[in-house]
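Below: a set of structures, written as structure tokens.
Two complexes, one shared chain (chain A), two partners (chain B, chain C).
Then we have the complex of A and B:
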């Protein structure tokens, strides 16, 4: 149950990794978070060459959409139920070179398409704070492995809050950097223009160290930024003197849960005490209400093309057919879950030549307007904050949310702005409602990871909720 | 009725690059199947495209010489369709913003030069190759991802001759630029011909068919002629031409229906999210254009200016490899006409002049130039040169061959004189005999000199030099 610094101080990777493996096996019987346990033996044998690495000897988990050479990588889908990659994702290489040890590939909504983790081929992932509740998704497996104390770090991916929402539900840090800061090469995609590699830690200092490990230009990803890796951890500074923080009032107005409102008010008061200037920021309500439909069109359109490679011909689970077309269609029909097939239909529909103007291209325009509005909102402040969700983690069977309410459209989905814009955005613990965690989200200006981490550290100090863990018995 | 033929041509041309359009896998022809592929070409999950800068450079070269307006913002789109030869399930192409648009090229016709407008040139990636057997389909992904440009003409051609001239012109230009191998038989240059007929004087276009599978210039010619005949017969009978894709059948010498076009396929194009728009630096583009290689027309002009005949200049220019070789020869000799004669008349009889740059060819331009210089200075005769050439092709030096075969006449007075002085010194008795009136002694001495020079001494010169030297030694 240590943070990065404590792992380093103890300097016993073999013991740390063995404990983590043991904990993972035990926790998994309750949480169903793991798709594949990874044998750490070989990695430990070669660990010496990475001595001095920033994550030396630290056991970690990877979301199962991160390609790992020689290790089953399913992306949570039946169609990749037998897929063993021939190559490592860039971040798998970077983490190995930093000395991290992968002990598990974690569960996700099928191809990251979902916010509940209920669509994973291996079944739902359970929330360690209440096993009758969902982990959130799509990076649910990674979130609960960090929250339950198994590993201090896990990779996720965030296409429409898929790291920042489960971070809120599980009382941990979920950091999504600027688009292009971390290479996507080797991450099985959902929607390319929205996909971000993101990650979970239990405190902001660990997040800063991890970001140093993961960042940097990768020539194999043309959307990766040509910017140097900065010394995020050593430059961490929680001082709020002279800092201006905006409160996104549209979200607060949409939240009906008084406990969450109280936690947030409490936090704001403490940030003021620490010297921050607090201002109300109101964004265009219509644009915020349009986030979800805009997201659905763009994400599903990109997804339907991104997953056209999954035809059962060259890899993955192949089903029989008389002709090649039949093989492709049988493999896809058997290989994808119902939700995924629905999304592909929506995506294709939006791309039909007769629909593009009123759906796909319109969604692109609305996306630009939303990003413009967010840019304007951030123009005079250092960061924008709001509760990361309208409530605690829902029950697994809960379908009561009115999907046309502003609570749902805005409070539950505004964080997608971070994916539309690519701006850095982090969720961290804000408090507990009846023992269940709720988070606060912070979004900052493009490329400005340092301010994001600094303000997040200030929030962490204000709440005193670093290193939160909920073990499962 | 009299019809006017309207022809537009789409050319797919594989670019000459070391690696593929979006992956670092090598581009090679005829390697073992599926040996030049990596995870990107096979579209394994999680792979991303990385644009080949050299392919963009090649496309820019082609745009420049085809007078196309170059879009300084390079953008790509996805063309979505399922097919076994398309691993990703979409092709990355440039649907919305081609790198080049609105260009033109001038082609020779029997009635003079004609301008053919070019609508666009865009970059894309090639597909895999499929091999259909009785019950199986085999796929070779070596070709998958090979860089391509597609060049689309306006419907400006009016007969087979013009169509062939257009393709020939583009082939020649692209080959000279080093942009492509342009081998139609190997598929590195592929043509789709769109053809329709309309009554003479009509402005409206008739229904067109598209002919694929044309792997030689001659096939283009005969296929177009066959299709004109087929369409005009239909129209004469009052029947309609059906919009369709057809292929030329080499054996039947006619076009055969491949598939009807019942409404066009919706490829659901959208901008490629994994390749951000790339701004081309003006300096880079300018530098590429400034360093374009010499094109066929310029080269022909240059040949005419150094005294070659129209015929020689034309023949040389038509074969770039031979012409490059000729230019190399000219670095070592000023005998432009003799060199041209040898390149045009003699080399094709003994060498594959399409592949002079290949490692197999051991004939160097320097050796051939030495031989040509030798002919000019009288070291060897033209007739002897023909005996020398096969040895040069084996890789021997000109000097060595001439020496070894004893073809070279030693006509150097100084060199000969040294041998003569030595010989007379050794043969003192013969010198005495000569002065005693024994004429036979002169013949003997000449024989000795020839022996020493291994027969290469110029006999007449030797004889007169010996006589001179003997006179000096008169007792």
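Then we have the complex of A and C:
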């Protein structure tokens, strides 16, 4: 299995793509990761015009909430089960112009609204390390296609931790850049103030190259940053001399799994050996405990509004009715899964006039306090690290965790801070517990992608866990 | 005891233009207690004088563009995904008497 540089050196896109298509079809019988296979023929025919592209000839997958002209795009929902976009998302254009070849549209939790990939209209995605376990979500299909060696790169989106958590469960890199760094034009939304385009690779150097390809101002996305694209890959520098890394102790205290604690302690010891100064950082415990409910209120309220256009009238699957209200209700009832309808109800509850001050506006204020606390935590350090989850990928049927425990509220959900703040954040492999991968998460200052990538590369060198693959038989 | 009856969630769903089965409404009512307990965690936090945070980056990213046509759709493209269409229009059931 190759990295970007090896693909380019081999310079045989037809063979690479054919192998990836074959691998995808084979792996999919076990993983259920693909919604639609994309015929690469036309892309290969016009590939010559993109010679020299930074991802030339590399087979990739896109999460199925990325609009692709002429290719079915469902967002994991029955209501878009027949939707064929008539335009490309900006990132689809950018990847094409860099020479990448899309071979598959990958499964996701319906509209990205979940962390398990169990709510996908096409059914659960299975973890390649143990098929009885979940991939994590919402970008589960993309995660397992990279982890199983089918493609070296796949697009995801990250509204809570929807790339960074599955990266941990599947032993790969999940990179979420600064909010606005990558255009969201043409991405079917979940919650606009939290949605980020993010992606999976198997090593940090590939992540740096991909970020160069994907970044940049896009006038079609009003939240797109007006900042230049830097040469992230050529500027990569893993030196930890003079670097100060903070350990988020609230998360460590909330984790009860001794193996994860041991892997993290080993990593910290190696980072010290490489010259880093390590300091403990304790954030406000009440604020961290409030991350999940704050997220739930804001994300579901925004989603309720964002998806009000899905009514079966102008696009999507329509059900019959005698009156227009009946058509909309029948289409939305049949089109949305039960998890999503539940979330819309919660979002609507938070937006009721009588609840707006107590819930919605309160959550927006708490969000500011959480971001200010994170900013303060990062003020004197270069990056903040902690295990990316409290455990390995759960079993598909596991719902045993106490949802008011700090293990759940903090250790399983603290990475949402990266979405509240928009700060760059990356998860990468840290070790294995009984053969199942666990990751470490790193968050850095706003806009500072280079430090994020540099520290992540140092972590990758410390663990020696670049290019991890788990093929499925 | 649940703080809201299943019927309450059915009413909310109706306002959102979808329906819930009896079983779905009961499941939400059962779960809602935990959600409200989680939401109560916000009450521990003093937000007096704090301004709402609507977007993570509050720097200006909008702009005035030149008044030029760009990124347009043809009628065919606009109607491509329409469940029903006729004479270059979307077709729905009758909305006026």
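Some notes on this structure:
What we mean here is this: the second predicted complex is superposed on the first by the 473 of 473 C-alpha atoms of A that agree within 3 Å, B and C clash if a C-alpha of one lies under 4 Å from a C-alpha of the other, contacts with A are read in each partner's own complex, and residues count from 1 in each chain.
In this text, contacts are C-beta pairs under 8 Å (C-beta built on N, C-alpha and C of every residue); 3 or more make two chains touch, one makes a residue touch a chain.
Predicted model, so just to flag it, every value in this text is computed and none were measured.
Legend: residue contacts after superposition of the two complexes on their common chain; A:312 is shown touching chain C, with no touch to chain B. By the document's definition of touching, of the two partners only chain B reaches A:75; chain C does not. Shared-chain residue A:338: touches chain C; no touch with chain B. Once chain A of one complex is fitted onto chain A of the other, the partner contacts of A:222 extend to both chain B and chain C.
Between chain B and chain C, the partner in contact with more residues of chain A is C.
Using the contact criterion defined above for the overlaid structures, shared-chain residue A:188 touches chain B, although it does not reach chain C. In the overlay built on the shared chain, the residue A:262 is in contact with neither chain B nor chain C. In the superposition on chain A, A:368 makes contact with chain C only, not with chain B. Contacts of A:404 after superposition on the shared chain: chain C is touched, whereas chain B is not.
By the document's definition of touching, both partners, chain B and chain C, reach A:348. Common to the chain B and chain C interfaces on chain A are residues 83, 86-87, 193, 219-220, 222-223, 304, 311, 313-315, 324-325, 328, 348. Taken in their complex, chain A has these residues touching chain B: 65, 67, 73, 75, 80, 83, 85-87, 89, 184-189, 191-193, 219-223, 301-302, 304-305, 307-311, 313-315, 324-325, 328, 348, 351-353, 356, 360.
Considering their complex, residues 9, 12-20, 24, 27-28, 31-32, 34-35, 37-39, 41-42, 44-45, 47, 50-57, 61-63, 65, 71, 73, 77-78, 80-84, 90, 92-93, 95 of chain C touch chain A.
Interface residues of chain B, counted against chain A in their complex, comprise 39, 42-51, 78, 80, 82, 84, 87-90, 137, 266, 268, 270, 273-276. The touching residues of chain A, when paired with chain C in their complex, are 82-84, 86-87, 178-180, 193-194, 219-220, 222-226, 286-287, 289-290, 292-294, 296-297, 304, 311-318, 321-329, 332-333, 336, 338, 341-342, 344-346, 348-349, 359, 361-369, 371, 403-404, 409, 419-422, 446.
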